[in-house]
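In order of appearance the chains are A, B, C, D, E, F, G and H, and numbering begins at 1 in each one.
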Amino acid sequence: MDKSAIKSILENVKDSKLSVDDALLKLRHLPYEDLGFVKIDHHRNLRRGFAEVIYCAGKTPEQVQEIMGALCNLDNNILGTRAEPEVFKAVQKLIPDAEYHQLARTITVQRYKTEPIGNILVACAGTSDLPVAEEAAITAEVMGAKVDRLYDAGVAGIHRLLMNQEKLDAAKVIVVVAGMEGALASVIGGLVDKPVIAVPTSVGYGASFNGLAALLAMLNSCSAGVTVVNIDNGFGAGYAATIINRLGER
Amino acid sequence: MDKSAIKSILENVKDSKLSVDDALLKLRHLPYEDLGFVKIDHHRNLRRGFAEVIYCAGKTPEQVQEIMGALCNLDNNILGTRAEPEVFKAVQKLIPDAEYHQLARTITVQRYKTEPIGNILVACAGTSDLPVAEEAAITAEVMGAKVDRLYDAGVAGIHRLLMNQEKLDAAKVIVVVAGMEGALASVIGGLVDKPVIAVPTSVGYGASFNGLAALLAMLNSCSAGVTVVNIDNGFGAGYAATIINRLGER
Amino acid sequence: MDKSAIKSILENVKDSKLSVDDALLKLRHLPYEDLGFVKIDHHRNLRRGFAEVIYCAGKTPEQVQEIMGALCNLDNNILGTRAEPEVFKAVQKLIPDAEYHQLARTITVQRYKTEPIGNILVACAGTSDLPVAEEAAITAEVMGAKVDRLYDAGVAGIHRLLMNQEKLDAAKVIVVVAGMEGALASVIGGLVDKPVIAVPTSVGYGASFNGLAALLAMLNSCSAGVTVVNIDNGFGAGYAATIINRLGER
Amino acid sequence: MDKSAIKSILENVKDSKLSVDDALLKLRHLPYEDLGFVKIDHHRNLRRGFAEVIYCAGKTPEQVQEIMGALCNLDNNILGTRAEPEVFKAVQKLIPDAEYHQLARTITVQRYKTEPIGNILVACAGTSDLPVAEEAAITAEVMGAKVDRLYDAGVAGIHRLLMNQEKLDAAKVIVVVAGMEGALASVIGGLVDKPVIAVPTSVGYGASFNGLAALLAMLNSCSAGVTVVNIDNGFGAGYAATIINRLGER
Amino acid sequence: MDKSAIKSILENVKDSKLSVDDALLKLRHLPYEDLGFVKIDHHRNLRRGFAEVIYCAGKTPEQVQEIMGALCNLDNNILGTRAEPEVFKAVQKLIPDAEYHQLARTITVQRYKTEPIGNILVACAGTSDLPVAEEAAITAEVMGAKVDRLYDAGVAGIHRLLMNQEKLDAAKVIVVVAGMEGALASVIGGLVDKPVIAVPTSVGYGASFNGLAALLAMLNSCSAGVTVVNIDNGFGAGYAATIINRLGER
Amino acid sequence: MDKSAIKSILENVKDSKLSVDDALLKLRHLPYEDLGFVKIDHHRNLRRGFAEVIYCAGKTPEQVQEIMGALCNLDNNILGTRAEPEVFKAVQKLIPDAEYHQLARTITVQRYKTEPIGNILVACAGTSDLPVAEEAAITAEVMGAKVDRLYDAGVAGIHRLLMNQEKLDAAKVIVVVAGMEGALASVIGGLVDKPVIAVPTSVGYGASFNGLAALLAMLNSCSAGVTVVNIDNGFGAGYAATIINRLGER
Amino acid sequence: MDKSAIKSILENVKDSKLSVDDALLKLRHLPYEDLGFVKIDHHRNLRRGFAEVIYCAGKTPEQVQEIMGALCNLDNNILGTRAEPEVFKAVQKLIPDAEYHQLARTITVQRYKTEPIGNILVACAGTSDLPVAEEAAITAEVMGAKVDRLYDAGVAGIHRLLMNQEKLDAAKVIVVVAGMEGALASVIGGLVDKPVIAVPTSVGYGASFNGLAALLAMLNSCSAGVTVVNIDNGFGAGYAATIINRLGER
Amino acid sequence: MDKSAIKSILENVKDSKLSVDDALLKLRHLPYEDLGFVKIDHHRNLRRGFAEVIYCAGKTPEQVQEIMGALCNLDNNILGTRAEPEVFKAVQKLIPDAEYHQLARTITVQRYKTEPIGNILVACAGTSDLPVAEEAAITAEVMGAKVDRLYDAGVAGIHRLLMNQEKLDAAKVIVVVAGMEGALASVIGGLVDKPVIAVPTSVGYGASFNGLAALLAMLNSCSAGVTVVNIDNGFGAGYAATIINRLGER
């Protein structure tokens, strides 16, 4: 229900075609559909520009299934993050065209496809950072962005990174995923003049304190243009990159 | 010295107009000018797209004066952040057209001006957050962006924020500055579908732990599209907003 | 054993109906019944106004069964929190009218019922916060309060909250349950002029640090009238809300 | 401007006495008066039930003077917290009947007085906690509550506390202020069946970590009914106590 | 091998009954017996006054069995702490008179017994603190101290503590075991003029941060005479109490 | 007022020589003298065995002067800790025989002297730890203990410590004061079989985090018999050592 | 591909034997072999002096197998750290001469052997620190160093350490592994004038905070010459010791 | 007094030229000279290989003067760190040939000079890191090492670092000094196969938490061969580099 719909309701009120009370009822009850345990906000698609995203961790397979089912009626794209295989199994029963991306632990339902736009580069430091990097990449792809990948480019072997300067040059936005000391964000940030979204990961041990070391390093980056999201938040980085990338295409 | 200059040197080498050793010398010595205590990177302007920014905290007025003097020869714009009044006094002696922005504690030297482009909204929660918000706004302005301001819009009086929906709608990028519980970033992030750069401030006391509370809150924002910079890092947010904003203008 | 009982003992001493030594014995031995591993304080019911609450985590099913059995002789209401299903099974064998609330992980034994008084609103931000919200709600209900619920009202979709202003208006006390950035407490606190008890939850990941982010945010709330309990402490919030709510009914 | 005023505007629109655009203008511009650096929300008095409170820390004496002056036109009570003596001097020039409470570092302007209602007990552990305790007490008093004080009642001398049981019994709400190990909140919470608002203070050294020890202790209180505010937040506790206390008087 | 033995060796050297090299050999090789993975220090018994204590966590049942076997040849008392049942099973095969204390998770081998001396009171706050309290009590008992217990005496019901003043009065040293807010140490410390050893436990959740809250509270105790050991370190408290208690008996 | 005084009051009540109300009055008002801002507990001397100790930090010179004056009427010993020179000047005016210990920042008033008993060794690691070590030593001395000192015995030069084994042997209790890595407590704890009270100091920089490093090290000491007090808490260690030392003299 | 190879390519370009584009291709594609999920850097062996080390944690047995297989073609030594037994089983199938060191959880493939050089002493405090100590020792051994071991030499029994002075004297570099309070690094550092690499371990409980206590202690060591690696990072210490040890042999 | 001196004393005892008591006296009193507040360990020079280093922070100018005076009699080199200008003034009065290095805040007295050996490279990231870098460099120089400097080589401009590869190649040991995100240590560590000692600095603000961010980043470095010292500990890094550098010269 978009702005024009609301305006139309109000004009009907003005024109006495609709009583104030009925109008109120419409306005109150239309915007979301109550499933009891979660309110699905069909509005959001219009207001935010993307489909509802389901954060599956902490929800039962049945709850995810029910939510995704309700959303599917609307003929839009859906993204489920942090989804274990058994969650996907439950979803697949209801939505056979749902896809599962094992490494990224994400479910996608893609009811319409558009030509990928722009160019988001997702770079990551080590093999263990791949799940977070893939979550970012798939999020951006399902939301319509063209995504390029540059993996295993840690700062301990800086030459590998420098050899890929053209990938850095081609990107509109760069997502940098790194655990341990998280230095990759600063190094890449120093090589480009474009937005860099840094994702610290919980990869590491001991004084990495589950990603705190990388998080602090990225927040203190001496390279301007670097902004940061939560530890392991591949989705958040992919989403932010998408809306920035889209800006460049308008 | 941009890429074409380097290419030209190499072509001269190829054409035997320049010996390899001389070429090496040129390449090595040209890119930065050594002041002894700091290497000024004239390259950066080309590579990063903006003039060198001087972080004045921890430098003596004389050091800042010397660095800014060296940069001024190049006829470009300069930004000095975290500059105390006495630093400005030293700079002004050498560069009479330097300007001081007291609230933001920044010095600007603007040798050329362009038509402001795009639209960056800088929003902040309370009066005490103003210095950080102004640092962000002036950073963006000196780098060529059009900046709009929405101040004193804390979540405790959410109606004041909602009354300014059109400011949110007009922006290409939004910088949200907030201390204490930092909730403003999530609330604004939930109202728009554009990039939001959140700046936690050290405003608060007790369990704010000098901005840690706001920082953590912003990193955990339930609104997608929010990315975060260091506590009190108005410059970093302004810079990142500028390169995103510029993307929308290309 | 209330004050009048103690006074009566002392008067008997004064009247030589009771020797000092016997009186001392009565006073010492009456107030609690020793189960060996825990002293049950029947006094507390009188002094605190509610039955003993059993925190079941870290106790064996048999220990909980024994404690609840001892308390049941007194014909009062009982609340067991953080109770796993196997604990309930043990209790149910002894007390067939015990009830289990799965989502809230609580056991209730309600031997007398009174007309629910006042109006406590329990609001929560997301689906994952429900167990804590339900623990608060059931605590308040078993202690005699009327409870209203407003779930899935996160700040990322502030309109959903604003549409429920009348629920906020009707409440005497509001319990706000939220994880991640915990902003909901500040937003609701800014909309009402009544006591708000904020419960941070451990919902989130990475820099939520098991609820620390939400806890700090709530402690730093810019909305006055907000007080905070421990992370995931739904019981504590429900209990505090109950004694405040009751105050309004006297 | 309360609800009826807004309704009246809308009815005028309906009755064509007011054009939509003019109505919009009124609604937009009425609710707050713009001082440039801060928006004063005259609405808040109606919505929240109390006058605007000025947190003076981080504001210049001139800023506080200007804000208080603007508020004074409205003939209401004003509270300024964290006010240094020089701030008071500036305010006093403009508002001769302003009062300064040195220990509590607060300024009050009391334009109307009502009969104090209810009974709030402010208890504190040691001499060094007095400024925070007094901030709580004066906040409650200026907002119309009857306040009783029980100072220097630390747990190291528990008998002093027990001797004052009647003070505990007489209160409707209790504010407990304590630094160091913060145990007083738990002890008092165990003696009463009424709301206890605990205020940790930064009093202590070493492993008190500026009040963190007391804050954590209070959040982990084994006495139900205890809720907590930020470290040194006497105002917040006094405010919350006032709205709870008022509940008991309705 | 005590001092007199070493002196005797040296005198033999002086008297030429022993070559310097042989003496050196004796001195080097006597003091400990090498098991390969651990050096058993038979000296310690003489130097420290008690048998070697085995911290069993992180050792395999076989390792504990082998160490205890080696120690048993010496006809002394042995204490194994943090021992899981399977560790005890392995030990029992070799040392049939070993005893297991399930709640305290300790193994004791008591080859000689002396009349218990002094009086150590072990007090604890809640049922969940019992394992740590029992570890302290059994440690003290196996090392020859008379131990009294006062369990479930939390500060939320301070009257239960006050009723047991005579237990506090009778003790020479008091070990106080408490989790959550750890206030019991301060309260008991304020009631007596004797050494109090406080043991914070990891009992609690959320902002207890695995015992940090209790630890900080105890370190900040306003009651003088309170010293603190590591979280859950019942053994350390029992040991320290024992050497203090013994001091009173000399 | 000791137990017998209370008993005598009660017997007078029983014998009708005193009305209940008058008795209550006596009991209520006798035990402490109210100075308005602090309650002086003359009881404590009897109950705790030592005079009231004044923690001077955070109190004005006048407040300290007034409190010490009130205590001096009682003809007992007084200890003021954390006292700046100007505090001492104010006290000296009223109490000419007060003494100031500059390094330890303590004031002592010694109205009666007894033969020093027992033997407390105060050991410290470096020159910068001396103020805390002296606070411990003077506390113990004013409370009647014989004190020996072993200063500048850091673990980096372990031979200096081993050369003083006889000092360790002669002590009944040892106070170990150390900053930085705090290893001295473990080393001394491993050399003796007597109580060791460890005092971490805030001496250090960087990752010492104001004494946190030493505090954690001491809490984790692998030498049994070590207990710990708050960072820089020389008084607390001296006091605890005194009551332990006294135990050995009874 | 070393420097001479690159030079040769460039000379071929100069001599027109190779087109610029082909040269670029060679340079880009030669240096590493792409396995898809990880880039193996054959360069590193030349640049860093050792074979690629595989950190096996977080990799599947199949991934480790594939990486080790690719590396084995090169006829060099390989080290796999943090390898669970099932990882070794997978590797062994492909590389029968691979060895597993259970305590150290490392896999080694030693295709060439050289005479061990220098002398690295690995010292550790307790039995539970052995896995980390062994990881350090095996790392150094596989990289060609002579390694001596001094285990179970904790500071609580300092005499055991002093008896092994000759081991300390014989070493060129010392690796000190310790958990709990980590004091061993300071004590050893004070006894020698050679490089000491300290490895904090996560051995301990409660306030050891998973190795934080030992880490902070080691960073604050009062013994100069001590440097520190991450918690439990036996590999890092062994590697650093190796390159220092080798320095002494050149 | 070295080993031979002690042996000689003992032989004299054996030969009855010296009584045991006199020998004991000599042994006890010779090794250090007692200044009352600090024990100067003339032994250390022999045992550790360098002169005593004075950490001047927290000592009065007079104390530093006295200690340096005592050390000067021995005709050796002296290093005073963290020395404010007034400390130097006091020292200079007594020791006219003392030198002050303002940026590094160090005092050196160089009574003998040797040919500088080896090659230590001190690299640092930014201008604000210079004081710590210089402290490291001067420490190494006064102890006889040849020192090369590479300053202002932050990772944001990685090309500046790569242009100086020959400096990296020429060094035996590298000290890397960096604040903020501390990434320089990892980048340099990845370019060389030699020992890298990383010094985190407190340069930065907000989430740098006074150097914690850089410290954690360096401890988590993905480049092997990197070890770490305390925040701002330029001396420690310079000292460790010196003993490693010396190893390469033997």
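Methods note: contacts are C-beta pairs under 8 Å (C-beta built on N, C-alpha and C of every residue); 3 or more make two chains touch, one makes a residue touch a chain.
None of the values given here were measured: they were computed from a predicted structure.
Think of subunit E turning onto subunit G: fitted on CA atoms, that turn is 90 degrees, to the nearest 5. Placing every chain at the mean of its C-alpha atoms, the farthest one from subunit G is found to be D.
Chain centres here are Cα means. That of subunit A falls 42 Å from that of subunit D. Chain centres here are Cα averages; for subunit D and subunit G they lie 59 Å apart. The multi-chain contact residues of subunit G, meaning those touching 2 or more other chains, are 157, 191, 206-208, 212, 215, 219-220, 224, 230-231.
Contacting chain pairs (ordered by label): A-B, A-C, A-G, A-H, B-C, B-D, B-H, C-D, C-E, D-E, D-F, E-F, E-G, F-G, F-H, G-H. By the touch criterion stated above, subunit F contacts subunit G in their complex at residues 125-126, 154-158, 180-183, 186-187, 189-191, 204, 206-209, 212-214, 216-224.
For subunit H in complex with subunit F, the residues that touch the partner chain are 28, 31-32, 37-39, 41, 43-44, 57-59, 63, 200, 202, 210-212, 215, 230-233. Residues 127-128, 130, 151-153, 157, 159-160, 163, 203, 205-208 of subunit E are the ones that touch subunit C when the two sit in their complex. Across the complex, subunit A meets subunit B through its residues 47-50, 53, 172-173, 191, 193-195, 197, 215, 219-220, 224-231, 235-237, 239-240, 243-244, 247-248, 250.
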